[in-house]
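Structures incoming, each one as structure tokens.
Two complexes come next, and they have one chain in common, chain A, joined by chain B in the first and chain C in the second.
And now, the complex of A and B:
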């Protein structure tokens, strides 16, 4: 007879196993598909090949899409952190009544549907362009601005979480020993919240790199990010190239996460 | 000469007064303790000296210079925080050298001075450890070394011993006190622990509700408390409420007629008695001679504590020195107690 404790443990393991399978199955399928030999994916595979990986660099849309995505994500993550870290600090010092509404406001881009966000940004950039004659629409700068807004909520959340556990006396101790506010921040506060900053950067980067809906509105002619390139390719063909590209993207982001985890334990902040 | 003068220092938060009109003159090398219950304003006062809290009024002078509006990083005060606030990502040596680094002391000299500060607290062997690898007592000493390394004009101690266990606390008390005396450092310590305050201070300041109640030596506070609060906060006292009926005559609400200080003005008052001022089996001509019943007895080692009921309303605490040959009463025994009229301290009640 199963006693209650064993039953509970079994149920817990079952649920965990199911959730894990649910998360990993698409990844496994994409990985498998990337090596299929036939052009139209069908089960069972007729054989395996690395052919689809070799065609990627030759595909201009994927190659340039990858570079644009990388540039935009790096720029947006940098800008996002430059905004989010001071904002989190200000928020942590703000009065209680100000803190909650401001924190909610800054996480809004996470809640607004991506398409709506993209369309709104499109209209905004158009109005700005008309007003200032600055060719923002369709430029990389316009894309970076939008992606920055996508990075900010993640960075705010994670940096904020780090700041919340920071001992306020640390900064006072630094000032007491002769550090100006800026030096105290650089030498004491920043190292202490580094896990949050790194995790925020990583999540911001991943969000930006994988973003499709908002980018759709904002890219210029002949300029596409990787997710858009994949979408456009899929409109014409469904050969395993897409799976191969996706696998490379998964590997890139996965490596970034593993490398990050070596420096700060992500499980501590997220 | 690092003399520190606080003049009419106060701090309000909206309508709440945290510190009210604090004036203190702290001569060079003095160990001053701010003592009081939590919320009495002692920590706010200390933080105003450090520069973390801006005074709403009054001024602070250090070495004769007005530093009231000077930011903390230009004050040269060394502070030891209650939770130590060691920088977790720096080694013990880096923590200790931080203040010197901020003062742009060259590296070699800085390291030598940091090592010297660590030697003072006997921690030079742990210079390369990280704070989290140290025990609470060791962390506390690093915090002290870090504050001493900058050769501060004033050392500020914010409840520095409250996170240590009782045995260690006694050792560290003595260690800090000897170090402070040897270096001749002007020091302000904040504590709510009266024993800590009494063992460490040159002079004490008792605070309550944001204001100073009394400033003085241990003897001043114990033997001549300024008010009922001080009499209760420093040392123990039994309070008998009643009325001064005539010069030298006190009648308790329980109806006891007692001889008291003839200088006490007539009117409603409380009579405070130190437990050791009351004696067993007084001589027949004693000023006060009363009978009572022992209700509680505690053996405390050096003294025997007795709670004796003198009237339905009046009970006193008595400490009998635990000497050889003491015929210890038992619970329920009738005993005779007595004290000289001058032993009772009378405080007028509103």
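And now, the complex of A and C:
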């Protein structure tokens, strides 16, 4: 009887471990390949080297892709937070009639498939460009705006999680003591929801930096983001160079996620 | 009033950047496409008719549905034990385990497909291991097959399934499991008659999410399936950017969303009805 129980527990743990390994395996394999000495991904490797990391800056597509992704995601995160923080404050208030439909509307960018969002945004840019003659198609500005839309729902979710734990009496007390609404926000509300704002910023950055599907429609010729540069390279071949670049992206986004977890527990927001 | 003012900027941006473009895309899908002239203004269902009458496009839709359904079932089977262990563990490392599940979600799908490319090549990790163990005598083809795509998407979607299940299982009192055991139920019966029915909301939410993500997959089918393995996501991109056929690309985008919405709503209704009984 005891043996049956132990066996069952072992089987359960084994099955759970298998699933976890399945999730992590691709990341481990990319990491492994980044250090291979030979260029062909053949196993077992003939030796190890750090050489491939030193060749990354010389690769134009990866280097410029990294900078474009960095600039776009920092800009989109900033804009996204400027939109999401006030919106979360409004939605946190009870007894507001349009609350549910508006909350749904603002999460729409996460619900619409990435490819459909990209196609729709592309069509929107095209019509606006025809109407105003602004050079929008393939512009960094268009990319930033599209990414801002993707940052807003995540930022609202994280800021909202922080706001839910805030006692509304604190803000009322500040107002009763004569603080203007803005002062009350800056001195009372903002410090209290700071973890949510920081987590929202990091999460927004990760979402924007890693975005692939929507960006595919919006990048200009010869000017791609890092995930697109990686995709295009991989469609051609897999070698330690692209594995090294992939590892850098994994480390950058992974670190941002780990820092996010310090502020708002990931298990509660994803 | 003040709430409205705070919400206005975000609402305007989403309406201008997503809602209006979606309407525009739908309007495009009713236009005609004349080779050489690109898009010609019209109000016609021709693009939708073309999709549903051409065996090639129907095969793409069917392939996408098949892959998404298979991925969902595999994710459910693989994900349940992990979700259960995560929900019930009292280990100090629980948060670490959850991070290990969540982290891969956000590092990019192309990067994760790259990992499987390392595994699946003719001289890749899988073939090298199988050859080394003497299980096969010459490399098997895994890259550019449906199997490779299914494995790739399962790995991408599994965390969503695990998290959906875990949050629901955590809310199920452990005493009900013990009660079933005390009444003499074998583990299989306990799982089937107690745990699964109680975890049904998580099963439903996780399956729907996994199915939707499977339908919309882009990087995984492109990289692991190769150029000849067409699914709906890459098809939309191809029609738009490579063929410049915006009306047809728009129609495919709406077919993709409509089919996904229809099937997930249906699944929701069926499961809800069975749960009420």
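Quick notes on this one:
One rule holds for everything that comes next: the second predicted complex is superposed on the first by the 232 of 270 C-alpha atoms of A that agree within 3 Å, B and C clash if a C-alpha of one lies under 4 Å from a C-alpha of the other, contacts with A are read in each partner's own complex, and residues count from 1 in each chain.
Simple rule for what comes next: a contact is a pair of C-beta atoms (placed from the backbone, for glycine too) under 8 Å apart; a residue touches a chain by one contact, two chains touch by 3 or more.
Every value quoted in this text rests on a predicted model; they were computed, and no experiment measured them.
Because the two structures share chain A, they can be overlaid on it, and in that overlay chain B and chain C fit beside each other without clashing.
In the superposed model, A:243 lies in contact with chain C only, and not with chain B. In the superposition on chain A, contact is made by A:188 with chain B only, not with chain C.
Seen from the Cα centre of chain A, chain B and chain C lie 100° apart once the structures are superposed, a value rounded to the nearest 10. After overlaying the two complexes on the shared chain, residue contacts for A:177 are found with chain B alone; chain C is out of touch. After overlaying the two complexes on the shared chain, residue contacts for A:132 are found with neither chain B nor chain C.
The larger set of touched chain A residues comes from C, when the choice is between chain B and chain C.
Of the two partner chains, chain B is the only one touched by A:167; chain C is not.
In the superposition on chain A, contact of A:46 is made with neither chain B nor chain C. After superposing the two complexes on their shared chain, the closest approach between C-alpha atoms of chain B and chain C is 14 Å.
The intersection of chain A residues touching chain B with those touching chain C, taken from the two complexes, is empty. Interface residues of chain A facing chain B in the complex, by the touch rule stated above, are 167, 169-170, 172-180, 183-184, 187-188, 191-192. Here chain B touches chain A in the complex through residues 50-52, 71-74, 76-79, 81-83, 85-89, 98-99, 102-103, 146-147, 150, going by the rule given at the top.
The touching residues of chain A, counted against chain C in their complex, run 8, 12-13, 15-16, 18-20, 22-30, 32-33, 40-44, 82-84, 86-87, 89-91, 93, 96, 98, 102, 105-106, 108-109, 112-124, 127, 145-146, 148-149, 152, 156, 181, 206-207, 210, 212-213, 216-217, 227, 230-231, 234-235, 238, 242-243, 246, 249-250, 253-254, 257-258, 261, 265-267, 270.
Chain C contributes residues 2-4, 6-7, 9-11, 13-22, 24-25, 28, 78-79, 81-82, 84-86, 95, 97-119, 121, 123-125, 128-129, 152, 154-155, 158-159, 162-163, 166, 187, 212, 215-216, 218-219, 222-223, 233, 236-237, 240-241, 246, 249-250, 253, 256-257, 260 to its touches with chain A in the complex.
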